[in-house]
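Shared chain: subunit A. Partners: subunit B in the first complex, subunit C in the second.
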Partner chain A sequence: MRHLSILGYYFAQYIKIRLAYPGDFLIAVSTSLAGTVASFGFLYILFHRVSSLQGWAFEELLFIYGFNLVCLGLFNVLSMNLYEFGERYIMEGRFDQIMLRPLHSLFQVIFEAFRIESFQEFATGLVVVGYVWHKLDLPLTPLDLVLFLLMTVCGVTIYLAVFVMLSSLSFWFEDRVGVSPPVFNMIAFGRYPVTIYNVFIQFLLSWIIPFAFASFYPTTYFLQRHEFSSFFALVPVVAATFVLLALFLWSRGVRGYQSTGS
Partner chain B sequence: MAVIEVSRVSKRFKTYDRKEGVWGGIQNLVRRNPREVRAVDDVSFTVDAGEMVGYIGANGAGKSTTIKMLTGILVPSSGSIRANGYVPYLDRHQYTRGIGVVFGQRTQLWWDIAVVESFQLLKRIYDVSDRTFEEQLEIFDAVLDLKPLLYTPVRKLSLGERMRCDLAAAFLHRPRIVFLDEPTIGLDVVAKENIRQFLKRINTELRVTVVLTTHDLSDIEELCRRVLIIDRGHLLFDGSLEGLRERFECKSQIVFELREPVQVDFSRLGFNASVEFQQLDALRCQAVFDKKKVASAELIKAIVNSLAVRDVTLDDTTIEEIVREIYSRGEVASA
Partner chain C sequence: MKLTPYIAFARIAFLKILAYRLRYYTGIVTYMVNVSVYYFIWKALYRGKESLGEFTFEEMITYVSVGFIIRTFYFNNIDREIANDILLGHIAAKMTRPVNYQWMNIAQAAGESFFRLFMFTVPTALAILVVFPLRAPASLHSALAFLAALLFSFMVFAALNFLVGTCAVYLHSILGLIRAKYFLVEILSGLLIPISFFPDTLAEISRWLPFQLISFTPLMIYMGKFQGEELVTSFLLGLGWTLVLVGLGHWFWRKAATKLTVQGG
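Let's look at the complex of A and B:
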């Protein structure tokens, strides 16, 4: 409860800060929106020429894409500081302040800044998912809704866990580690049915950097592709495992934190 | 009763030397040159409840590293620390609720939001009740004159104003121990005085234990009965200010001015064995002596009785001089 109230306060303060520079905020929103539109345009042009991708129809791909956007949007809202963690917190020494407050350090780092414009991605994703749901006349029971919610939480969690692990590396390597951007780009791989890739990439996306568990596998249940049902069942397990791993790595990093001079 | 117990604490850092130049930069990628730095080496001390302790040392002596270990930011490489009943780095959540920390070089507050919003946020983080919050703000306002600053974003405050707000932020949750790392650095005389007054009140009225590091020895002289001196990671001295003066050969000097220009025969005074006399010019003479061996009152009496003197001034060695001497000697002296 205390954490929730603090989170709300952090969020309100951050909105105030961002709205203090309305021009900057508007530009951020429109760039973000343009990016989303462009990626859907790409998908549309692609399917203008081919009607299906290894047995997956355009609408199904659209659903995966939309679901991915829902999770990714929420993740983008929350991940702002994780990206800049090494620089903002470790190299500039701001992590000292974090350590002095009676709150979990990761909680503070994640919730001190939000990429608010990415709510746009979340909303667009929801619209797309809703459209396909309606268009394909997929079943919609209360259980489906609950599962959709659960899958969204798992998806966001998996993304966060992966990037928390990458950020934790900053505790040991004082040099800027440039692994986050390429890993972030790999999220795009998860937007397509994992079966279109070769075995190596399938394995990588499932078990090493489990982005397929954050976008493709969760959708298979709603799209009634029951051949993947065992993977679908594993989604919460994968999410929980990666969160535990991330928290472990983070706390090891905090123990080894060296602070800066002065 | 000890609230802080530090026993045989050391902190070692591993750093990597970097070669200069572009070619050096490329070499750094392949081979890193690790080097171990002992920032704090086998330091032990205790602090009692309600004490105000000054922790001094040159740049890079290990002050900040010690403070960071005491506050739970850094984990000691060896040795143990207990403060307020907790091991700082292990019980961070409970421990940080009972301490306040101010780093003079860096603000606790959120840069872009108004001071009062930062306070509100801290209030939530530390679970401070509305009543306590109001009361604390009243107290701070009385000493630190905070009200005019509350609605300004932190980044627009001057250094002195920011420091006042930072102090208030550190005391909002009524901590029992407060650590201040260079709280007066870069401040003007008025701001310094302001902050010293505040610390004195907090310490005497609320019985808060205070540990402060500083470069400015006048801070220590005005605030602390006890000093710890650290140099190159070693604790050189732990004791009272008077003890520090006593322990280190304290040269005092008396300068006296004669009524009329004469050549003085110092042997008449009878202190030739223990005092170094010197005639500075026609009117002024100087006597340098060790306070432990010669009572200054006796010496002054002798001077006034046997010579026609217009004015006498007595100069004690300042703490600053003692410290400068300790640094240059690097001598180990424990009290």
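Let's look at the complex of A and C:
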């Protein structure tokens, strides 16, 4: 509870910072929205000549893409500091300040900054998912809604866990850029049915960097592709496992942290 | 216009980036990931089909791969750098220099691109060649014309970025604008899908825009699909758009510079 109210303060504080320039914020949101809409251009152009991708219809791919955007949008709102963790917190020594406060260090790092305009990705994703749900006349029971919510939480959690692990590496290796960019690009892999990939990439996306569990597998239940139901059932397990791994790695890093003294 | 100071800017940019060469190793992996995603998507789309549009599967993979390979060359962050200059106030010191701000940025980007050519483009090309079956340029003639067309890729991309960067004078943050431009260029330059694949109206619109010169035009030249008259037209377009965009940037910057407010610095 205490954490929740502190989170509220962090968020309110950050909103104030961003709304100091309301015109700019509006432009940031609308250009960000334009970017998201344009990113659907790829699917649209591709499918105006081809009717399906290995048995997956355009609408189904839209659903996966939309669901991915829901999770990714929320993750983007929260992940702003993770990318710059190595530079901002370790190299510039800001982590000292974090250590002095009586709150979990990871909580502080994640919630100190928000990429607020990414809420539009979340919203756009929901609109797309809703559209396909309606268009394909997919069943919608209260249980489906609960599962959708659960899958969204799991998806966001998996992304956060993976990138927290990568940021933790900054405790041992001082590097400004780190290994995040190629991993971030791999999120794109998860936006398509894993069956189009070769065995190596399927394995990688499922068990090493489990992005397929954050976008493709969760959608298979709603799209009634029951051949993936065992993967669907594993989504929360994978999310929980990776969170534990991430927390473990992070706390190991914190324990060995030596200030740069700046 | 004296050229010497601009060559010096290019040289310093080259040396500065040499210090950060580590990030290019992860860059190579990033590009490999990109090419792999599109390889598998196209493979799935081509299943059971000889060709789509005017492209065979092998040609499409060559198109996408070479597209990403040349992106390692023409890409630059002029827009981000201008925004940073303005945000941090470095702009004040830079404007006192007796050089043209636009050309200073383009020269720095050229120095970076020259560096990338050896440290990034060549290794990425080699890595991709090992994994994916690429076709060689259609002919020696096509290869040379392709290299010349890359010059326009660079200039159009740089001039566009300068225009976007200059918006930072009026806006507090141009990150959203940069993001929108990123996706727009990715699609309309034909990097991900050849423009000849677009729905007719979108293809027609794209032909009247400068973005095609960044990726589609050089790639079509590489594959020998633009020859003779089409080749001449594309070079004239390249020259025309470069002049227009650089001219526009010059005018926009002159106008924006009078509105510039620097917060300390």
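Quick note on the criterion: the second predicted complex is superposed on the first by the 254 of 262 C-alpha atoms of A that agree within 3 Å, B and C clash if a C-alpha of one lies under 4 Å from a C-alpha of the other, contacts with A are read in each partner's own complex, and residues count from 1 in each chain.
Basically, contacts are C-beta pairs under 8 Å (C-beta built on N, C-alpha and C of every residue); 3 or more make two chains touch, one makes a residue touch a chain.
Remember, predicted model here, so these are calculated numbers, not experimental data.
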Subunit A as common anchor, with subunit B and subunit C clashing or fitting:
fit
Given the touch rule stated above, what does A:53 touch, subunit B (first), subunit C (second), both, or neither?
second
Quick check on the superposed pair: does A:16 touch subunit B, subunit C, both, or neither? Answer first, second, both or neither.
first
Per-residue touch tally on subunit A - higher for subunit B or for subunit C
C
Touched partner set for A:130, first subunit B, second subunit C, both or neither:
neither
State whether A:6 touches subunit B only (first), subunit C only (second), both chains, or neither.
first
Tell me the contact category for A:38 with respect to subunit B and subunit C: first, second, both or neither.
second
Check the superposed model and tell me the shortest C-alpha distance between subunit B and subunit C, rounded to whole Å.
7
Per the definitions at the top, what is the overlap between the subunit A residues touching subunit B and those touching subunit C?
none
Please output the residues of subunit A touching subunit C within their complex, sorted ascending.
21, 24, 27-32, 34-36, 38-39, 41-42, 45-46, 48-50, 53-54, 117, 175-179, 181-182, 185-186, 188-189, 192, 196-198, 201
Counting only contacts in the complex, subunit A reaches subunit B at residues 2, 5-6, 9-10, 13, 16-17, 20, 93-94, 96-97, 99-103, 174, 255-259, 261-262
Which of the residues in subunit B come into contact with subunit A in the complex?
13, 16, 60, 64, 68, 71-75, 89, 92-94, 96-97, 99, 101, 103, 105-106, 108, 110, 112-113, 117, 120-121, 124-127
Residues of subunit C that touch subunit A when the two form their complex
20, 22-23, 26-27, 29-30, 33-34, 36-37, 40-41, 43-45, 47, 52-53, 171-173, 175-177, 179-180, 182-184, 186-187, 192-193, 197-199, 202
